[in-house]
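Look for chain A in each of the two complexes below; its partner is chain B in the first and chain C in the second.
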Partner chain A sequence: MVTKEEIMKIAILSKLFVADDEIDKLTKDMGEIISFADTINNAADEGGDFDNINNLSNVLRDDEVVPSFEREKILQNAKDSDSGCFLVKNIMK
Partner chain B sequence: MEYELVAGFETHVELATNTKIFCSCTTEFGGEPNTHCCPVCIGLPGTLPKLNKRVVEYAIRAGLATNCEIAEISKMDRKNYCYPDLPKAYQISQYDKPLCEHGYIQLSNGRKIRILRIHIEEDAGKLVHRRGDTLVDYNRGGVPLIEIVTEPDFRSVDEAKEYVEKLQTIMRYIGVSDCKMQEGSMRCDVNISVRPKGSETLGTRTEIKNMNSIAFIAKAMEYEYGRQVDLIESGEKVIQETLRYDDVSNTTSSMRGKEDANDYRYFRDPDLVTINVPRSLVEEIKVSLPELPEAKKERYMNELGLPESDTLLLVKYRKVAEYFEEAAKGTKNPKTAANFIIGQIFRTVETESEKEQFDVGVTAKDLNELIKLLDDGKIKMNLAKSTLDKMLETGKKATELIDESDMGGLDESALKDLCQQAVDNNPKAVKDYLAGKEKAVKAMVGFVMKNSRGKADPALAEQTIIDIIGK
Partner chain C sequence: MSESKIAKLHEGLVNKDFSCTELTKKYIEAIERDNGTLNAYVTVTADTALETAERVDKKIADGKDIGLLEGIPMTLKDNISTEGIRTTCCSKILEDYTPIYDATVWDILKKDNAVLLGKTNMDEFAMGSSCETSYFGGAKNPHNVNHVAGGSSGGVASAVGGNIAVYGLGSDTGGSIRQPASFCGIVGLKPTYGAVSRYGLIAYASSLDQIGPITTNVEDAAIIFDAISQYDDMDSTSQGRKGAPVCRNLKNDIKGIKIGIAREYLDGVRDDVRTAVEEAAEVYKSLGAEIVYFDLPSLKYALPVYYIIACAEASSNLGRYDGIRYGYKAENYKDVNDMIKKTRSTGFGEEVKRRILLGTYVLSSGYYDAYYKKAQNLRGTIISAFKKAFEICDVILAPTVPMTAFENGHAVSDPVETYLTDICTVPVNICGLPGVSVPCGFGSNGLPIGVQIIGDSFTEAKILNAAWQYENAANKFKSTDFGISI
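After this line comes the complex of A and B, so read on.
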C-alpha cells in the first residue's frame, strides 16, 4: 500500500506542488499503478536471467584517444553558453 | 562521559587512463572548457557508452592491492540525480555488483580497516557558480573513477590520516592513479559519528564531502567530532546530513539533508552489457603487481636490517624504493645507500611531486659505484660524502671526480704530520681545548680533513690531535 506520506515525499523529490485536496486521489491512483506493476511478478519467468537478456558480455574498448569534437559543435544545441561553457540558471541559493 | 569517534571513508580516485570511461575523449587535466568532449560524454540522446577495458583492469589492480575479492560477474547501474554537473541526469556507477569487495588495509597499530567495496563510475563535470547563473564544463565529465568505501572502522583522526596516506601510496605504486589531492584526482568523503566509549551501537552520522588534503581531513574530523560531542552533551540531537568543510573558518556547514539510497532510483544501465571477469585475468593482474610498500617495508627491516624510520622514508615513493634497491645492490651494508639517499640526495628534492618523480642528479648505478669504492676501502666516508655532493652538482661519475691519488687512506706518519700542523696552526683552538672546551678540537680535525682532501679518518685524526696536545 502507498501512504499519503510517501506521496508527499515523492512530490517533494520530483519538485511537484500537490494541493491538499489532491493527496487522497493521488494516493489511490499511485496504489493502483503499483499493484498493476505487481502483476508482472506473477508472470512465469521459468528462472530466466533477466539481468542479461541479450547474452552479451565484455563489450570493451581499448584505451586509445580519439580527438574530441570541436567546441562549437558541442555547444551548438545548448540553450545558452558563455566563455566556452554551457550556461544554466543558478542552482545555488 | 567519555566519547569515541567512529568514522568511515569514501574515497574517489581518478584513474590514470588515457581516455574516459565510456568514450575515447582524453582525460588530460585542464584544457579549455568543453574541448575534451563528444556526444557520449555530454549525454546527447542516441549515443551509446562503451566501457574502457583499462578501467576494469585498473579497478581490479586496486582491489587486489587492497586484499579484495574480485567479482566474477559485475555490471553498471544508473544513479539518478538532477544536477547540471551530470548532463544525463544520472551517473553511471555500480550498485549491487561492484567489481571488488571485502578487502582491508592494515594500519601500523595492527588494526585492519575493512574495505566494503571498490566500484567504478564516471566523474561529473565542473560547475562555476556566478551571480544568477552557472557555467558548466564537461571536460571532467566521464573521467573514470574508482570509489573505495570502508566500513566505519576508524576510531581516531590519526588512523584516518594513516589510511589516506597508505591508500595514496598503494594506488601510486600500482600505477592506477597519481592521487594528487590538490588537483582533485583523490578526494575523500568522511562519515562521522560519536558514541559513549564502550557502546556497540552507532550514533547518528554526518558526512563531510569532498576534502582534498590530509590536513583538512584531520581538522574537519576534529571539528566535527567536537561539534557532535557538544550537541549530545547539551541534550540535543545530531541530525543526519551532508556537510561541507570550510578550511578558512575551520567549521562545517550543512549542504543538504542526507537522502536515502532509494532516492537515487538505482537501476541497471541497459546500454551497458554484463562484465565477466575471468579468473585467468585476475591471476594475470595479480602476477603483474609490483611488490607493495608494506611488503617492501617488512623486507627492508627483516632482510636488509634497516631501521623502521629509514624504511618508511624509502618505501613511500616507488621510484625512491627502486632507486635504493639499485644503489644498494651488491654493497656490504644497505644502510650506507639508505643514509646517502635519506641525507644528501633527499636534500635535492623538495616537493612531493619531485620525490614522486625522483629524477635526481645522480643515477642509482653511479651511487652504487661510489658505495663500492667505499666498501673496497679505496676512499673514506668523508671523501665519499663530498664526492656525492659534487656528483649531484655536476652529474659526473665518482670515478671522474676522484683522482687516483686520492684513493686509499692516509698512512700513519702522514696523518701524524698533518695533525702536528693542525696543532701548530691553531694556537687558539689548542688554548680553548686545554681550557676545557672539548669542541675546539673539531676545528683542528677540520684542518686535517681539508688538507688531506678528505682522505683522513676524522675519528683517528681527533685522537691523534688530542694525543699531541696532551704531550
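After this line comes the complex of A and C, so read on.
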C-alpha cells in the first residue's frame, strides 16, 4: 500500500506541490491506481522481450546546418525574456 | 448505400451548386448556434476559414481543378500545432500558447486548402475518456447532451457527429479517436504507429500516440488517411503509408476473409453492446466472411501495461512545462525551483497531476523493475500474441467500448473505474496496430455503439475495406439535430 510519505517523495521528484487538504484523497486514489497496476505481477515472465513496435529503427540524418526558427519567434511565447534570452531568477548567488 | 460526404461536397463545389464561401459561412453559423450546447470548439477561426474559402472560390472561378480536400470545412484537436493559432491542449498551462510552426498533418492539409473552422475540445493533455478533464469543460454528445462525447478527442467527435465540421483529426494514445467516435456514432481510425507523422502533436505518450481521422463514414476516413500518411523526416518514427492509397482498395469483395473474435474482448461487455457486435459478425457472415473464435489470454494485462507505460512516458514528456519558455508561469515565488513547482501545481489539472505522479512512481528507484520493466516485458508478450492471432485471421472484430457514452460527471468521480472502460481500445496502441471504429447500432438507452476492426501493422487498406463493406451492408449512421443538413 502506498503511503503519504511516498506520495510526498514522488511529488518532489515530479516538481509538484501537494496541498495538505489534497494529500488524503490523493493517497487513496494513488493507492487504488497502484493496486490496479500491481495486477501485472500475477503475469508469468515469459521473457517476451520488447525491443520496439513495428520493427522501427532510429533514423539518422546527415549533420547539416539547416535554417531554424528565429530567436525572436521562439521567445514570443516566453512570459519573461531579456536581451534575446529566457529570463529566470538567478540560480547562483 | 455508404456515401462519402467529402466527395459529395467536392462535387457540389466543382458543379458550382454552392460556393466554398457559402458552405463555410453555413458551418460558421451552425457553430455559432450549436457550440454553446455542444462545447465542441475551444477556438473558432472564422476569419482564416473564410480567407481559405475565398482562395478556393477564386480557383474554381478561374477554371482550375481543385483537389478532393480543397474547400472542405474541418477541424483539428487542440493538441495539433497550428502556426499563429492558439493551441491549448485544453490545459491552463498552455491557455495562451501560440505555436510558431505547423504540425506536419496540418501542413499537408493547409497546402490542400482545407478550411480550418477551429480547434476542438479534448481531455487535458489527452488524458481522459470523457473530455471532462478539459480546462474548458467537456464536449457534449450530439445524440444526447446529458451524456459526454467521450475522450480524449471528444470535441472532434462532437463536432463531426453534430455536423459542425465535415471531418476532423484527433489523436489516439489508448483509444482517444475510436472511443469518442463510438460514443458519437461516427467513424474513427487509429492508424498504424508510424504511418502518420507525429511532428507537432503535443506529446502525451510518444510510443503510443498516433494522429488519425474522425469522419461520418468509412470512405472519408480512407480519403483523409491517404492524404496524411506520408513519410516525414521531422518524426524519427515515421514510416508513412505502405502500399497503394487505401481508397483504391475500398469496395473489394470480402468473401472468404477470416474475421477473428477474441473471446476475452467480449468479457464484461454490456449486453446490448455484445449483441450489437455479434450482429455485426452476422452481417459479415452474410457477406461471405468466416468468423473464427480464439483466445487471447494476455489481453487481461493490457490495461495495467498501458497505464504504466503511458504515465511513465507522460511524466517525462510533461517535464518540459516549467513556465520558462512557454505557457503559464506562476507569479509569486522564492526561487526557480519554487517557480517551477508552483507553475506546474497550478497549471496542471488533477488527472494530469495524478498521471505524472504515477509515471514518476513506476520509474523511480526501487519500483522500476516491478512496474515499468515488467510492463515493457508484457508489452512484448501482447505484441507476440497479436502477431500469432493474425496467422489465423485477417482482421479482428471487437467492441470499441464495453458500454455507451457515460452521463455527464460520471467519469470524473472514479478514476480506476473510468480507466477500465479503455479495455477494448488500449491493446491496439500497445502493439502499434491500426484499428477503426464504425457505428454498429444503438444501446438500450438510445446511444450509439461502435464496433472495432483491428488489423496487422500497415494493413489500413484491409481494415477500411472490411469496415466499408459492413457500413455498406448495414449503415448504422444517424444524423443528429445539430449542425447543418447537407
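To be clear about the criterion, the second predicted complex is superposed on the first by the 57 of 93 C-alpha atoms of A that agree within 3 Å, B and C clash if a C-alpha of one lies under 4 Å from a C-alpha of the other, contacts with A are read in each partner's own complex, and residues count from 1 in each chain.
We adopt the following convention: a residue touches a chain if its C-beta (ideal position, glycine included) is under 8 Å from a C-beta of that chain, and two chains touch if they have at least 3 such contacts.
Since this is a predicted model, take the numbers as computed values, not measurements.
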- Message: Touch test for A:A37: chain B only (first), chain C only (second), both, or neither?
- Response: second
- More residues of chain A in touch with chain C or with chain B? C
- Task: For A:V66, select first, second, both or neither according to whether it touches chain B, chain C, the two together, or no partner.
- Result: first
- Query: Who does A:N58 touch here: chain B (first), chain C (second), both, or neither?
  - Reply: both
- Task: Considering only touches as defined above, state whether A:G84 meets chain B (first), chain C (second), both or neither.
- Result: first
- In the superposed arrangement, which partner chain does A:Q76 touch: chain B (first), chain C (second), both, or neither? second
- After lining up the shared chain so the two structures overlap, which partner does A:M8 touch, if you call chain B first and chain C second: first, second, both or neither? neither
- Residues of chain A at both interfaces, chain B in one complex, chain C in the other: 13, 51, 54, 56, 58-59, 61, 69, 74, 77, 86, 88-89, 91
- Item | chain A partner contacts - residues on chain B that touch it in the complex | 17-19, 24-26, 32-39, 42, 44, 50-56, 75, 83-84, 127-138, 263, 268, 272-276
- Show which residues of chain A lie in contact with chain B when the two form their complex. 13, 51-52, 54, 56-66, 68-69, 71, 74-75, 77, 82-92
- Using the touch definition up top, name the residues of chain C that touch chain A in the complex. 97-98, 100-101, 192-194, 207, 233, 236-239, 298, 300-301, 303-305, 307-308, 315, 319, 322-327, 329, 333, 335-337, 339-342, 344-345, 348, 353-354, 356-358, 360-362, 364, 370-371, 374-384, 415-416, 419, 431-432, 457-458
- Message: Quick check: in the complex, which residue numbers of chain A touch chain C?
- Response: 2, 6-7, 10-11, 13-17, 26, 29-30, 32-34, 36-41, 43, 45-51, 53-54, 56, 58-59, 61, 69, 73-74, 76-80, 86, 88-89, 91
